[in-house]
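Just so it is clear, A, B, C and D label the chains in written order, and each chain counts residues from 1 on its own.
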Amino acid sequence: MIKRIIAVVAGALALGVASAQAQEVKVGVNLPYTGIGAEFAQLVDRGMELYLKLNADRVKPYKITLIRRDVKDPSGANAKIAVQELLTQDNVDILAGWIYSPNAIASAPIVTAGKKLAVIMNAGTAHITNLSPYYVRTSFSMWHAGYALGEASAKILNAKTAVVGYTDFPPGKDSLAAFKRSFEANGGKVIDEIPMGGAGAVPDFTPFFQRAKDKKPDLFFVFVPAGDHAAAVVKTYAALGMREAGIKLIGPGDITQDTKLQAMGSAAVGLITMHHYHADLDNPENKRFVEAWKKEYGAATTPDFMAVGGYDGMAAIVHVVHALKGKIEVDAALEALKGWKFASPRGPITIDPVTRDIVMNEYLSEAVMKDGRVYQKVIGKIDGVKDACKEQKIGPCAPPAK
Amino acid sequence: MIFGADVASMLLGGVAAGMVLFIVSVGLSVTMGLMGFVNLAHGGFAMLGGYAIAQAMKLWGVGFVPALVFGFVITALASAVLERLLYARLYRASELDQVLFTIGLVFMMIASVTLLVGPENQPLRLPALLQGQVNLGFTHYRTYSVVLIVVGIVIVSGLWLVFERTRIGAQIRAAVDNRRMAESLGINIGRLFTLTFAFGSGMAALGGGLGAEFLGLDPQYALKYLVYFLIVVAVGGLGRVTGVFYAALLIGVLDFTLKKYVPQGGTAFIYALTILLLLWRPQGLFGTKTT
Amino acid sequence: MTAPLLETRALSRNFGALAAARDIDFTLEAGARHALIGPNGAGKTTFVNLLTGVITPTSGTILMKGRDITAVAQAERVKLGIARTFQINRLFRRLSVLENVYIAVAERVGAAPSMFSPAGTRRDVVEESMRLLETVRLTGDASRRISELPYGRQRLVELAIALGLGPEVLLLDEPAAGVPSAESHIILDAIDGLPRDIGVLIIDHDMDLVFRFAERITVMVSGAVFATGSPREIGADASVRAVYLGQRAHG
Amino acid sequence: MTPAPVDWSEHPAAAAMARRHRLRAWEPIPWVAALAFYFLFPKYLGFGTELLITVLFAISLDLVLGYAGIVTLGQAAFFGAGAYTVGMLAKRGIWNEPITGLILAALVAAAVGLGSGLVLLRTQGLTLLMLTLCTMALLEEAANLAHDYTGGFDGLDSLPIAPLLGRFEFNPLYPTTQYLYVLAVLFVCFVFVRTLIYSPFGQSLTGIRENTLRMHAVGAPVRRRLVLCYALSAAIAGVAGGVWAQANAYVNLGTLGLDRAATVLIILVLGGYGRLYGAFVGAVAYMALSHFLSKIYPTAWQLGLGLLLVVIALFARNGILGIAEAAAHRLRTRATP
């Protein structure tokens, strides 16, 4: 009797598991849920969640299950184990996440060996997508904004000289290289390059900014990682009276990250940034996105470019799930994504079929005061920007030898 | 003339940075010197205090200065409770057990704050009066830095007076130099520990709030800057208020200058500097050899 | 005439303004049984620290068998045959009594740097350590931890360690301090039983011990040698009585 | 008349000393468990490999901290030195054979240990702690600045490590080779350390830890011994770093960082230092807890971990093994009233 019950229960369980499997797609998410990147992880995670919530109809009849792993830090080691276990233990169909570039670099061999689609939702070092044929990036490369801003600085802002201050780690160096290359190609001159400490802790920016101020450039291009650094940059810029000295602060959108912008207050006014997203972009998708975000996570919160990386990444995943009818196979998934077009909150995006990197618009914006809040006014736009590093095959961005 | 303004701005910036280091580190130095307790949770108290200050301003609209007072008091009280309940049990334990305990405590502080408030940086809006630039006659400089310098000087003078001129200060000095002797003189060591610990944590909270303008404020604050605080304590000498003060100024100014003129060196200078200073004076610049 | 076993000439040491040792001329002959006495703070322990090389003198020289050892490092002096006990026990508290003595013997016979054979298989070292424990009648406690031993017994371990170094000069800093009177005879017997060729300098307040044991006595006051002589001479010296013995009687 | 010589080796204390280095009945347990893990949890071998490397690293720390009493926060300097030795040689195509690579890693790390030990080991306490920490931070900064050689912040990826013994490939997804290889390396290093600590040299290190002044007074060359011990420990940490780089085919600044140095210190103290097996217990407890707790509560696992550390520190002096020892002691004293 008991045996029979067990058999029946076991049969029912097996059936249930089987039917669930037919519809369920498991997405293994690796993000730093603790440590210095916890804030970013939350943004990307919420971006993904929000897409699933807003597009519940579009996801059906499939069920997307997120399996989250904390990678803790940018050491590479924890991320590697997380990815390894997501592949071998949880048998995920798709990998997603990667805030930190070193983690994406460390994970690359496993992603390649695991033969699963891997969607990078933030990590911005340009050449990462070359490291595994299964990497697809829905975020950005440092070159997107840096290169576009170099050109815009010379042509739109009519600047002749610039000082570059950057956080001394690969994205910072990438950003410096991208900006310098296009700014100087367009007749500008970078007169000083100031490494401003590592990414681990926010330094006191005063000495670096003091040095930049003494050089009296037209522009001060700053790259710092998004987050706490940005707030300190803007404060220091204002407190040292650099605006009054006629030096414009420019940079990729990391320095006016939406989540930090309002706290900067009037100190942020006048900042000029180049980026692919900010919450004030005027398009219907973004209106809907921002509104839903505030409803979901509180009126005081705001999405930002990291959240959009997660949102668009999830859109790409849902697209693949539908295109492949829930049976995820990596080569077919890549085929489905190559040339995939999507109306994102950041405007139209597509995946470059050659590099598997994102192609998107870049917006030149200026921070102004409007209705008592800091508002990012778009003052210029470049359509369909590709990662210039891979376009021009610079250094490690050259396609890997076959 | 331009050179003069340059040097002035450098000194002002470095001294202001040093003041923040001093305010946070002084409590660590005294507790480590007095109790021989390796309190790695000190940065955690600075972080908690900073949060108390930021939350008071955000939720109740309290002004900056009252919020600072609130942060000091609440952190001092909380730390006094922790000291009586938990720390006191470990005074006779090995240093390494103390390390384990305080690191565990930091982990719990970070996780709790992350869960309750969230992982993001807490903006701490300064009053308009403290923003912008101030004309010092010989140069224009960041108002807040100048204010910090003044506050730092007031604090160090106050602490010096307390240490050198009051009964409790004399007791602390006696206990730092020779605990057994102090005990035999009838000083209530337990009470002294609690008081100093609470006061030191309160100072850390104050430093967390005052320094947020430069250093930011998020849960990881508890660990991010701990190395800097420890460097200041080691260079200044254990249990020396004036030692910590000069060490913080020295580190602040040298770090600032080197960063400005040789930014390519990154953080290497501060570490190289510490190594040289400690090899030259292993007991700290102002410490005395204890036997 | 052969040079004395240990000799100091005008040995001085200042700590800031304090002269802890002043122009000490002192001689310890081979086989001597010499006592060093003096009131608290007279500089006796400083003198021992100077002799063993824990601190370096401000001026003056130390000679061993005529050789200048003023600049010789502490460890080297031990190799030359200068061993000491401490006023307050300095033992390896969490190790066994046997291990404590083993460490000293292993250093002397040069076994200590050996890395690849187990310590317990150096039977020569173990056996010599056990013999030393027998001298101080501690074989029964050999496997106990130091921290489990009463203070008096710990003093005996101090002595055994010093003997384990095979000294020619043995400096005993208050060997019987803290030892219950019932056990102090063990220490005295152990000292009595020391090989006659060892020069022994004993520092103590215990006048019974000093007068029973010493053949020669040096009195130190305020960092300087106040008087030297046979026990009878010192016992009869009125000025010594005044500065030291009398003072003790009052104290 | 001299008394007949007694054979002291018969004495219980001498016999105990002659016995103490012998294998105890429970000592094979961790090794059997590690092998069983290989067969029982084939999907956890990535985690297992990292765990074994952490044990090895913690053992290197136990040698200096637990036995010689040198409290250091810079042990990752040697881990990193070993890792970068393997990484840079492999990336430049100079040397990629794993076993000889580890020997090179050990030599380089030992050289770093010898050099820094000669300078730093004159100090102690907080000063030594800060000096070791700053030395490590300097090395990290140097590795960051020399990005042409070290890859800077990104590190060196896709290291072409040759197959083990020319036959067994390192598979990045199913690290079976890595696991067994690391286990073997750990075993060899463990036997070395175990031999060392029961030797007269190890005995003298313990002496230095227990009472440095006394060691000076018995004529021990204290500093020379400490430096030697430091260099040996550095060599083992270098092996741990080297094998980490090989198993991961990757090396970056994280191998040199304070995070790694502080974590291994916590692990060792949690397990119990100066006990040889504390490294095993601490690494298993810490890593298993943070690994599995972080799977269930990706955002809040630190709370549980912190609680564990606090509780162990408050109630179990000297780590988890301290509890075991206290319990064993209580049983013994109760057995013999």
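Just so it is clear, contacts are C-beta pairs under 8 Å (C-beta built on N, C-alpha and C of every residue); 3 or more make two chains touch, one makes a residue touch a chain.
If you're wondering where the values come from, they're calculated on a predicted model, not measured in any experiment.
Listed here as common contacts of subunit B and subunit D: A.
Distance between subunit A and subunit B, defined via averaged C-alpha coordinates, is recorded as 36 Å.
Distance between chain centres (mean CA atoms), subunit B to subunit C: 48 Å. With centres set at the average Cα position, the gap from subunit C to subunit D is 40 Å.
Residue positions of subunit B with contacts to 2 or more other chains are 110-111, 114, 264, 266-267.
Those residues of subunit A in touch with two or more other chains are numbered 34, 38, 168, 198. Touching two or more other chains at once are residues 144, 299, 301-302 of subunit D.
Per the contact rule defined earlier, chains pair up in contact as A-B, A-D, B-D, C-D.
Across the complex, subunit D meets subunit C through its residues 6, 8-9, 11-14, 16-21, 195-196, 198-204, 206-207, 210-211, 213-222, 225. Of all the residues in subunit B, the ones that touch subunit A in their complex are 6, 9-10, 13-14, 16-17, 110-111, 114, 118-121, 123, 125, 131-133, 140, 142-145, 213-216, 218-220, 224-225, 256-257, 259-261, 263-264, 266-267.
Subunit C meets subunit D in the complex at residues 52, 54, 74-79, 83-84, 86, 90-99, 102-104, 106-108, 111-123, 125-127, 130-131, 134, 139, 142-143, 161, 164-165.
On subunit B, the positions that touch subunit D within their shared complex are 32, 38, 86, 89-90, 93-101, 103-112, 114-115, 227, 230-231, 233-234, 238, 264, 266-268, 271-272, 274-275, 278-279, 282-284. Here subunit A touches subunit D in the complex through residues 31, 33-34, 38, 68-70, 72-77, 80-81, 84-85, 87-89, 101-102, 105-106, 108-110, 112-114, 125, 131, 168-170, 173, 198-199, going by the rule given at the top.
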